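Working notes for the structure below.
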Amino acid sequence: MLGSSGMLLTALIVLWRKGMPAYITAYRWQSWLLVALTATIGYFGGDRALYWVAGLLLVVKGIAIPTLLREMQRRLGIQPQITPYVNTATSLLTAGLLALFAYVLARPWVMVSDLPTREGLPLAMALLFVSLFIIVSRRKAITQVIGFLMLENAIALLAAVGTYGVPLLVEIGVFLDALMGFLVMQIFVYHIHETFDTIDVEKLRRLKH
Amino acid sequence: MIHYVMIFVQTFVAVALAPALVGFIRWMKARLQGRRGAAPWQPYLELWKLLGKEAVVSHTASWLFHVSPFVVFGTSVVVASLVPLVAAPADPLIIGDLFAVVYLLLLGTFFLALAGLDTGSPFGGMGASREMTVVALTEPTVAMSIVALALSAGSTNFGQIIDRTIAEPSMALGPGHLLAFAALFIVTLAETGRLPVDNPATHLELTMIHEAMVLEYSGPYLALLEWGAALKLLVFLALAANLFIPWGIAVTLSPLALAIGLVSFIAKLAILAIAVAVLETRVAKLRLFRVPELLSASFVLALIAVMSTFLAR
Amino acid sequence: MNTAGAALVLMAGGYAAGACLAVLAPSQRAARFFTAVGATVGCVGGLIAAAIVLASGQPVEASFPNLVAAAGGMVIGLDRLGALFLALVAAVGFLAAVYGVSYTAEYENRSSLRLFGLMFNGFLLGMSLVTCAANIFTFLFAWELMAVTSYFLVITDSEDADTRQAGLWYAAMTHFGLVLLLPMFLLMAPAAGATTFADLRAWTPTLPTATRDAVFVLAFFAFGSKAGMVPLHVWLPRAHPAAPSHVSALMSGVMIKLGIYGLVRVMFDLMSGGPAWWGGLLLAVGCVSALLGVLYALMEHDLKRLLAYHSVENIGIILIGLGAGSILHGAGLRALATIGVAGALFHTLNHACFKGLLFLGAGSVVQQTHTRNMEEMGGLIKTMPQTALCFLVGSAAIAALPPLNGFASEWLIFQSLLAGPYIPRLEIAVGFPIAVGMLALTSGLAAACFVKAFGISFLAMPRSDHAAHARECHWSMRAMMMVLAGGCVVLGLAAPIVIRGLSRVIDSVPLWAGEALPPSPRLWLMVPNGSAQVSPLLMAVLLTAIGLIALLAIQVRGLRIRPTDTWGCGRISQTPRMEYTASAFAEPLRRVFAELYRPTEDLSISVHPESRYFIQSITYTSHVVPWLEKAFYDPVTRGAQALATQVRRMQAGSVHLYLLYVVAALLVALASAWWFR
Amino acid sequence: MVTLAGVLLPALLASCLAMLVRPYRRFVGWISLACAGVSFAAAGALCAEVASTGLVGNGRWNTGIWRVDALSALLALCIAFVALLASALAPGLRRQDHDDASQTRRLRIYMNAFAFAMLMAVTLQNVALMWVAIEATTIASALAIPLHRTKASVEASWKYLLVCSVGIALAFTGTILAYFDFVATAGEVSGSLNWTVLRSAAPSLHPELLQLAFAFILVGYGTKAGLAPMHTWLPDAHSEAPSPISAMMSGVLLAVATYAIARWKAVIDAAVDPGFSNALLIGFGLVSVAIGAFSLVIQRHYKRMLAYSSVEHMGLVTIGLALGPLGAFAAWLHVVNHALAKSASFLLAGRILHRYETSEIRGVTGLLRVMPWTGALFATGILALMGLPPFGLFVSEFLLVQAAVVNRKLWLAAIVLALLLTAFISLLTHLNRMLYGNAPEGVPVGEHRSWPVVALLVPVVLLVVLGVTLPTALSALIHQSVANLVP
């Protein structure tokens, strides 16, 4: 419960702050929270598999990806500030609305489930929507990547609090995919930087109609 | 069998009478205009003279130019043989009905117009174009008056129409009948190239229609064409006369009836001829592009005729 | 496997062989011959099959359930009605194929005759299959096969941009037809499994009225678009001139008739007739098509476009006959109804005959003069006498002049229209006299139009060097034209016999069963109630007799002929520029119907600089505005364009926008899930 | 099981081989071609096996990882075929196509990986793993797009990657939700993510929750299937990718995503009144057909034209899925036909692009004169895509309309037909522009009968066969798969 709200908070931070490092920090915190959450759920739920999952999360999302992000940022160098489509105040407001929507949407599930963690569901949903919002509203490629990573976190959170985690096999597959996806995205961010020497995705408008 | 003999005879009579009819109209007009005028049998002399002359034919003309006069004459004669003139036998299998008449005449006009174009003279083309325009625009009127007649008689066969009209005199005086008659009369003037549509007495006017087409013809060909035209006029007048005022026509083949039929036929023709002559002296020729208005007027007449017969049923 | 079946197999085999051989032909020249060989064999097969069925009345039936089983399999069933049209396809197909051998010679260096051969045989196969199809899928398959192949035939001369445009119009209209046909047929089907015509026939009576009406309207417009009735006629005046002439002959002579076939099949056979307004619609649209068709034809100086517009006119006349027939039938006047339908079917045959003839004739002329513009022809009657004679016969026939075939069929249609007054319901009955008037006007105008067509292009002096150097076309082409010309005459003189045959065909349709015409005397066409009769044969005999008599009479006094120049107000020499032109010929009628044509005129006179009394040049141009087409088609195309531009905006190139679409779609889906519970 | 391995492994092997051998050698290409052949043959065998036994898989019917029923086999066959065609026509086989080796190598790696991922996606029975496989297809194909690193290709690949990843993530959310529902009611069960288990358990699940889940899944996989308005990545990716890749993407990838939707639909329908899923499918389908058709009207690039026509056809398939058994039959038949026609067209478009060096329709004139064979085949492909006989798509579209009419959805039939008419006219217009006229200067005229042409003749011939005969074996297979989906 606390953990999931914390994760939502980190997402809001991203909306609030502007600098790239802040984003990355926020993401790292979010991932660690996720790890902690999974572990605790594993502890209370007495599900050994979740420890493994938590470990994987720690390795992949808590350590590997943030490091890579830092690396990426270092290589791209200092990017000019790009004001997003929606300014901070409105973004936060929208986020609030999305959270509200998430609550409305998730009510029936809360009814359905009898797990102690079910209160986390709406928050996970909210996180999902907020990260979608981040992807849509932020203009830098790298920011979009972070948004996407948060989206994945949100799904992982959903899985954790909703179902005490999906089967291990699936988790592994998902992790691999996540990692691969991230790596590919990273490559493409480099591509964009090389070919367009900017990472402002709005410059990518030659393909139309 | 006797029927066919009779038809043959009356056709012969018609062919013989036709020039006289034209001559009579000319004579009448002259009189009305205060001239002495040529004798009514003048056309016979002209035809005889023409038949004797050599035909002058243009280099550019093709075989069609030579064929057309025969087609025109032939159609007129065939039509004459279809139309009841002196006698209207009821039962036999006649060769054609009213539609056949209309389309046979169209056939004649078709070839005449082609002949007009054949020599490549601008006059011929002019005449052909105008003639076809007028004919095309008269078709619906003719068809409509046919409908009007067929409505009352329930048939397009002359015999039945005439029988029916004789049987019910009241019908002949009905509005439908009279209007149809008027319409058909206008059509007659248009089809046979009389005033106010065309002036049969002129050559080399830019307003002419029929004469422009036959301008290149001479000699025997011209004779055939003239004769055919005269026959056409006679047939139309006969139609107007016998279909709308059938009394006097012979329904049986007794000599007396035939005699009466002949006399009454000539009388009717004379009356109509006088009417035409009077009209031609009274009215001036219409501008070519006013003609469609006249024809549409006649069409409206026919339409009203049909409708009134409808509602009168 | 009976004889007729074998003949059908021969037909299909012939076409298939022709297609394959043409594709594999070693040279273009060989391709030309292979095309014709396959086509002729196929046509012979088709003729045999049709003849057997027409004679015996025993339908040929075969089904191949394993071909495309999911869609109901292929089912073949050839009854008398179908056989009539199959005979049409095969006969005209045969002549066109033979004609094509030497006609396509000039295409050898321009376009691939291998492709042409493939498409030509495919076209014939498609048309023949349409008449044999006995379930929905087979019919549509054949129908589309016909459409696709004919599209490629139309754009044979594909280097010309106008031709491609014409092909596009054609394809669009014909596909529009299919779009209507598909639901039309499926509405009649009782279940997904039962799609044979027999099932449909059994099921349609149980349909609710609304559905029946829907089916009729769909069928009317679908088949109408193929038949080329106003306002769906736009493709004819474009496609027919563009196509090679023997293809135009096939399309105009046969293919558009298959639209009539479909209409008859669905309306009278499958749906077994309907309320009076169905016939009324046919009658009204028929009248409009006939009149507009001929009126637009009058303004055309492109010989083949003129003929194309006349196809519209004749389709109109056929529709009038069908409409009158169905109304009268509904009113219980079954004998008279049969007259109307017989007239319509007879006119279908006749039109195939003389329109095929005219297109072949036009083809020979175009091949010789290398132009379709009548203003540049003239004098051809001297250089191509036989072609001219054939064309003249065709012109007279299409102008419904006795004693040729056009007259006979129009006479029958007139008679059925004259039966209008017997209809008890006045509001329907009044329509008939008006139809009579319009039909009469149509035939009058048609006569005028063909005086123009024949007179300007064949008579007087050549109007261009091409025309002056024209030579008579190849004998094979002439022979085919002769055959068709003979057909026009024979069909006209033997009309009573033909009608007797047609009445058997009509009798084979359940709706009209037991309504065969009473046997009339051999030489006469008669209305059953004996109210009118006509005998084309006797007319012809009389006409010739009198003509000969007159000739003899003149010969008695000796007919001497002196050739001179044309007399022209003392002009020294006569030049073609003094001849009456086609536009001048049509001028009076253009004035009369100015309301319809909305002609745009442009007269520019340049005078001599010294004195304005000396004219240097006068150029006069006039165009007829097809406002009808504009009114119907411009809004549609403009609307589509506008929509398209709107849709293009969606793909703006911004990835954020795209993601926004995804999110929006998600929200919509969620909302719908919400709303659905 | 062996045959299944025969289907899956070769692609994997080929991919690894291409990865190991550097720089690229031509034998790699030939070996991967052979592998594709093997896997195609195996897929055929698989179809036969399924047709006879009804089911192929490991473990018990609902616990194993792999489970191949008629539908999977059908799609596997399509995928294998298109992959075979693609690898036969991809660069790297002949001496004369001298692209640089590294590009060819990368292409070969990604292509085979792509094929492998798709084959996995249709043969796995665990919905989550299926998701993993489909995500893998995104990665593999996205990597393959910017082979020649032009701005356009990079842009296209970025858009493709981002949009599809987001979409697919949504699909996973839906999966999780459904699983959550399942766990909440039935508790932890082995193989509980197998769609067979889900479907059998579905009636006891909560409809509201499943509806929401389906909303996520439809939008998610719909993004991958190119349903409007999530289709936006499709024209970019398809037009920029190397032709073999676009052929595979347009021919089968979209179908694989549709497959996922169909599987889930079967689950949802067991719990919720089918009206719900049908309504959603018809909605998205109609929008796709409409947008596809109208995007064709004013179109400047022929590869984008083909891409939009894919959107349109996927819309048709989606609509078909919502129209009961007959509709489903039509839909899967349409998938098969479309796979053939579209892959062939894309590969031909690749040849045209190679010759004319422009992707603009305006730039391509006199195609029939410049490349008679390619031009003729291309025209045939487009005609097939227009749904004209004697090609297969005519049959499937006929059946589709029939399904709509049988389901008393006349309005649907009317709209679809009108849109098809629009698409027909615009496609024909563009085709006319390309085929005729004079060749632009600088473009060499003439083409010899090379074996790629022969290879491309195969799908065209198959299309005609499907259109004229529709072999009973195939229709039986499709009937079976429809029966599996619609219990």
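Structural remarks
Each chain gets a letter, A, B, C and D, in the order it is written, and its residues are counted from 1.
One rule holds for everything that comes next: contacts are C-beta pairs under 8 Å (C-beta built on N, C-alpha and C of every residue); 3 or more make two chains touch, one makes a residue touch a chain.
Every value quoted in this text rests on a predicted model; they were computed, and no experiment measured them.
Central chain (C-alpha centroid nearest the global protein C-alpha centroid): C. The centroid of the Cα atoms in subunit B and the matching centroid in subunit C are 36 Å apart. Each chain gets one centre point, the mean of its Cα atoms, and the points for subunit C and subunit D are 44 Å apart.
Taking the mean of the C-alpha atoms as each chain's centre, subunit A and subunit C sit 69 Å apart. Centres computed as Cα averages put subunit B at a distance of 79 Å from subunit D. Annotation for subunit B: no residues touch two or more other chains.
Residue positions of subunit C with contacts to 2 or more other chains are 648, 651, 655, 659, 670. Residues of subunit A found to touch two or more other chains are 105, 132, 135, 201, 204, 206-207, 209. Under the contact rule stated at the top, the pairs of chains that touch are A-C, A-D, B-C, C-D. For subunit A in complex with subunit D, the touching residues are 105, 108-109, 112-115, 128, 132, 135, 141, 144, 148, 151-152, 155, 158-159, 162-164, 166-167, 169-170, 173-174, 176-177, 180-181, 184-185, 187-188, 191-192, 194-196, 201, 204, 206-207, 209.
Within the complex formed with subunit A, the residues of subunit D that make contact are 126, 128-129, 132, 135-136, 138-139, 142-143, 146, 149-152, 154-159, 161-162, 165-166, 169, 172-173, 176-177, 179-181, 183-185, 192-193, 206, 208-209, 212, 235-236, 239-240, 295, 298-300, 304.
Subunit A meets subunit C in the complex at residues 85, 105, 132, 135-137, 139, 201-202, 204-209. Within the complex formed with subunit B, the subunit C residues making contact are 378-379, 381-382, 392, 396, 399-402, 407, 411, 414-415, 418, 421, 426, 429-430, 433-434, 436-441, 443-445, 447-448, 450-452, 454-456, 459-461, 521, 524, 531-535, 538-539, 542-544, 546-547, 550-551, 553-554, 557, 559-569, 574, 576, 578-580, 584-589, 591-592. Interface residues of subunit D facing subunit C in the complex, by the touch rule stated above, are 158-159, 162-163, 166-167, 170, 207-208, 211-212, 214-216, 218-219, 222-223, 229-230, 232-233, 235, 275-276, 279-280, 283-284, 290-291, 294-295, 297-298, 326, 329, 333, 383, 388-390, 394-395, 398-399, 401-403, 405-406, 410, 413-414, 417-418, 420-422, 424-425, 428-429, 432, 435-437, 467-470, 472, 475.
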